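Naming follows writing order (A, B, C and D), and every chain is counted from residue 1.
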Amino acid sequence: MESGKRLLREMVRIRCVEEVLADLYRDEQEMRTPTHFSIGQEAVAVGVCAAAGPDDVAYCGHRSHGPYLAKGGDLRAMVAELYGKATGCAGGRGGSVHLTSPDTGFIGATAILAESISLAVGAGWAFALEGAPRVAITFFGDGAAEEGAFHEALNFAATQRAPVLFVCENNGYSISSPLRARQPYGTTIWERARGYGMASRQLDGNDVFAVHAAAREAVEWCRDGRGPYFLELRTYRWREHVGPNWDYDEGYRTKAELDSWMERCPIKVAAAGLSAAHPDIDEEVAGWRREFRQEVLDAVTAAKADPFPAVADLLQGAYES
Amino acid sequence: MRKLKYREAIGEATVQCMKADPRIVLAGQNVDDHKGGHGTTTDAFRVFGPSRVLDIPNSENAVAGIAVGAASMGMRPLVVHARADFMFLAMDGLINLAAKWRYMYGDKGGVPVVMRGIVGRGWGQGATHSQNLHSVFGHFPGLYVATPASPADAKGLLVSALRNETPVVLLENRGLYEIEGEVPENPEPVPFGKGRIVRTGSDVTIVAASLMVQEAERAAGLLAEQAISAEVVDVRSIRPLDEAIICTSVAKTGRLVVADTSWARYGLAAEVAAVVAENVHGALLGPVRRVTLPDSPAPVSWPLEEAFHPNARTIAAACLDVLGGDPTLPMREMTDITAGFVGPY
Amino acid sequence: MRKLKYREAIGEATVQCMKADPRIVLAGQNVDDHKGGHGTTTDAFRVFGPSRVLDIPNSENAVAGIAVGAASMGMRPLVVHARADFMFLAMDGLINLAAKWRYMYGDKGGVPVVMRGIVGRGWGQGATHSQNLHSVFGHFPGLYVATPASPADAKGLLVSALRNETPVVLLENRGLYEIEGEVPENPEPVPFGKGRIVRTGSDVTIVAASLMVQEAERAAGLLAEQAISAEVVDVRSIRPLDEAIICTSVAKTGRLVVADTSWARYGLAAEVAAVVAENVHGALLGPVRRVTLPDSPAPVSWPLEEAFHPNARTIAAACLDVLGGDPTLPMREMTDITAGFVGPY
Amino acid sequence: MESGKRLLREMVRIRCVEEVLADLYRDEQEMRTPTHFSIGQEAVAVGVCAAAGPDDVAYCGHRSHGPYLAKGGDLRAMVAELYGKATGCAGGRGGSVHLTSPDTGFIGATAILAESISLAVGAGWAFALEGAPRVAITFFGDGAAEEGAFHEALNFAATQRAPVLFVCENNGYSISSPLRARQPYGTTIWERARGYGMASRQLDGNDVFAVHAAAREAVEWCRDGRGPYFLELRTYRWREHVGPNWDYDEGYRTKAELDSWMERCPIKVAAAGLSAAHPDIDEEVAGWRREFRQEVLDAVTAAKADPFPAVADLLQGAYES
């Protein structure tokens, strides 16, 4: 399949997965793990991860499903993790915020802001020491960029010229708090990255093709030993911060604002972009939707049939056994 | 007396104290939103607005120092963390600045910062969103540390904290937030360093803190059904620790079980055992039992999480054990005390 | 066997392990300079140069996470902090990432980060440059924590740490750095969780850690002059804690004094008392005594600093006390064990 | 006395104090407190503090003597503190790194890097809340600027438009570590401050008149409610990082480098600047030296005669009594 279509298809997959899971999460009350859906933000994870090679690694924060799936994480193991099953990618120990798929290079999601930034810098540092042509990618939000570790890690990576691709997924909010309440008016995150002498760009995070092109450039830059690269991608979260619901009537944002971003839905935008060359793209998307819906429902069925971890194994993994 | 929920008691104390003292400012991530710190900051924001109830950036480290700096200029910052686990990042400001300020600058004045940390509980909060840091903070002289277990104490200890010249860490278990209890209307301070006899008894002393006080009470109920009389002591404050109330009770009962929401090693349960060993060693008729978290990080999966947290049954079993009874005695199922905290998250 | 200073033993272990394992990288502020971490990193820098012995920015928080990230890619970072107090800033990475990694990602592998923290001692290090954080780190499952008290253990525990799959915190008291002792040439690991009988005795057990082991030995000498036979137990590792060695000794002597370099509350001394109360309660013939820091931050002024730190005399007095003797018995002056650490700073 | 002379005189005073104390520290071994001399860096503290009003407050890091004295701290109480006496400004509890003089607005020195930055932002925040026309000043080094708290505090101050004057005393080293080992090549600290939308300037930290002029502007800017201001001042430490000795032969820097900075000694530079208008300025300086030498020797004599804190008071101040 052609690259443009692959990107769109991957976004559709993540969207389907999250929509189905969000409904079940709300209706069943069986996935007992705080879950941060990335519906509306799919272009970031998809565009960036498609630019990464199989030996490149990724770390991300709490909004983990997109990066996990885009970096090849197994859907079945993710769903099982949300249901707390022994077959989950973290054996039911980690939940939604600790997804992991080392085999495909998705090392881990973390629940404490900005940890994913330091971790990726550590991985990049390791690659630099080994002289390995690998790149470490970190996904984090605009809110995480306020943490001290952001500054420390960027400074470290730039000084050591570590191959790290920083991906700031700026959705304008930290929970309910808008950017203007938390960062100085008139400033940007990507320009702060410039302060470390780092290559840095801002672009539309809902345009998967632009994201992908920029990420390819960035990954090559890092791989060529030219040091880290910073991408700030503007996007928007559709659902509530944590949990499956819509929350545009809670006061911190408006329905109009949400609507304007839904107009710019990354899937819609990408499909429109492909429609000239592929006039039947919408039907294709509809077909994919059916396919992925089934895939996730199958994963859910399987996960539900899976066993919970044995209580006798409660301590397993606290220490090396 | 009228009843309030634990979280309502916190909200009420905040508003009353802020009204009485214009130096108090409340700061925390998202304290101004529709959730309002699970309802503990909603009223304060409505009454005092954004200048005194400030939504702040995600910057736990500097914010601790900023709070101390503001306190050094006469403010009384009340900082809220949605999870106590984030306070690892605030530890430098709390331990190296707040706790030591008065001493290391020669006793010229204190920095009365109050920091609230909400301890996650239930619904798969997991390894980094459910930690109980009271013994960690309690290790360091210069702080007051308390873990209110009832709505009345949630209010009274916060009132004390906000009137105090000493920096205070308050750790509130999320599992207690929906619990109801009688709470005085007036802002009556509950002093630091004074424990509370929750229930008197004569056969065994259960010393507990935070959520475990509720579980200990229920354990005492279970034990009573078997004609065992358990005394339940709520330490309330972790530092200073009310040694006298512990020792007096153990001197009476001769048996000690300590129930804590955190791990055993270097935790509250260890300290209580040590206090007894130092002061009323001769009173102990049997070994001490610690009812604490298993020695692993917190799991997410529901059955593991259930098994992870101590509860009335495990406390009662420990009591039977120290009394030389059969700790495996079957006991009826009980509903989860923290049932008020359900999903979706 | 040939003798080495404590700091030399650390340096030797570092070089030997780095030679044997190319995945080990050493990182710390100023580790490459003429002082070389008080001589503990000088040789490593000379042998391995700046790529494997890295001078890093002043960024304790991120560096902890960076070390974990590097470990997640197969490196074995050894991070050095010139003062353990700076590790408050590294706590998020240590507790929320390193300690929990293996567990929360489903037991797929660990992140074998080793972090050395040097505990300041003497010459007015003061409130924020002399803290002993072992019980704080020891509270959390997932870490190994050790406090070597002798040159041999300084080497052997570091060797264990660098060969281990579990993250390790090593806390080294600066007051021990100039102490000499026999150290094996080969890098022989000292296992975590195994204490050490430093001196056998029958009347009283002194459990100690770090610098207090040296003071306990001297206390035992003082007591011997009065025909009292003290057994000295060095816990060596704080987590896991060797419960058996403690209980066996107390079962034999019936008396317990615990000497620690940190505060009493929620500290090592509390934990040791609890272990005994749980396991060999009946063996105790008298109250437990904790010989710990007074309950204040560390002062700077020389006479206060002298009074602040426990020593052989205070330990011996506590032993006399638990034995029912006169604890005020005059004893001869002793030179400061930490005399090797003098000014100018 | 005319302002220019006053600035020079204050620098000469701090220089004399530190030179005398360094000798005694080395020879007597009686000041048992790790001590970071600021010899060579006097223009920063003097230029900035002279621009502050009596109600403005200052916080600084471990290199504390300059800011303490320049902000009016009592010399006698400082010397007594170094000797660990009960009459010390911190009652012998704090030592060199915890000097304090609340009455003159020097709130405190701190020993953990970057704490002084957060503290001053907290003070500035308090002033903003009260609407008080006061400014909070923080002194910190180039090394402290690598700490996460630097980023968090600057972001907070800029977002809240708090009246904080950030003074980065860039002496090129963090202990023995040169700037290039710790921060990305080709970047500057003051430009990173710009990333927060903050007024920010770099200038020669050895030119007390330039420092003073810039600080006056900065203080007024803050006082006028225009938000924080950042000054990066390039200067150089003559002695070893901590302790009284010279250490140019230890390998991390060269004698030539030190010499070039001694050529640009702030006292020498200021005296030269004043010499046209005051041809006898060198003799005046010599007179001041004698005066201050005597002042500090008197303070030493007094401090030595003072009592140590009573051991019975060991716990005093741990809690409110």
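Note that a residue touches a chain if its C-beta (ideal position, glycine included) is under 8 Å from a C-beta of that chain, and two chains touch if they have at least 3 such contacts.
All of these numbers come straight from a predicted model, not from anything done at the bench.
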**Message:** Just to check the components: without chain B, which chains are still in contact with one another, directly or through others?
**Reply:** one piece
**Asked** Count of steps on the shortest touching-chain route from chain A to chain D?
**Response** 1
**Asked** Which chain's centre, taken as the mean of its Cα atoms, is farthest from the centre of chain B?
**Response** D
**Message:** Using mean CA coordinates as chain centres, what's the gap between chain A and chain C in Å?
**Reply:** 41
**Prompt:** Just how far, in Å, is the C-alpha centre of chain B from the one of chain A?
**Reply:** 35
**Asked** Cα centroid separation between chain B and chain C, in whole Å?
**Response** 30
**Prompt:** Which parts of chain D, given as residue numbers and ranges, touch two or more other chains?
**Reply:** 88, 90, 92-94, 98, 110, 112, 146-149, 151-152, 155, 159, 181-183, 316-318
**Message:** Give me the residue numbers in chain B that touch at least two other chains, ranges are fine.
**Reply:** 56-57, 59, 61-62, 85, 89, 92, 96, 103-104, 126-128, 141-142, 295-297, 299
**Item:** Touch-based graph of the chains, sorted into line, ring, star, complete or other
**Value:** complete
**chain B partner contacts - residues on chain D that touch it in the complex** = 57, 59, 88-94, 98, 100, 102, 107-108, 110, 112, 115, 117-127, 129, 136, 148-149, 151-153, 155-156, 159, 316-321
**Item:** chain A residues within the chain D interface of the complex
**Value:** 146-152, 155, 158-159, 181-187, 191-192, 194-198
**Request:** Provide the residue numbers of chain D that touch chain C in the complex, in ascending order.
**Result:** 25-26, 29, 31-35, 84-86, 88, 90, 92-95, 97-98, 110-114, 143-144, 146-148, 174-177, 181-183, 242-245, 250-252, 308-309, 311, 314-318
**Request:** Can you check the complex and tell me which residues of chain C touch chain D?
**Result:** 29-30, 33-35, 55-62, 85-86, 89, 123-129, 294-297, 299-305, 307-308, 342-345
**List of chain B residues in touch with chain C within their complex** = 61, 85, 88-89, 91-92, 95-96, 99-100, 103-104, 126-128, 131, 135-136, 138-142, 239, 241, 256, 262-271, 273-274, 276-279, 281-282, 284, 286-290, 295-297, 299
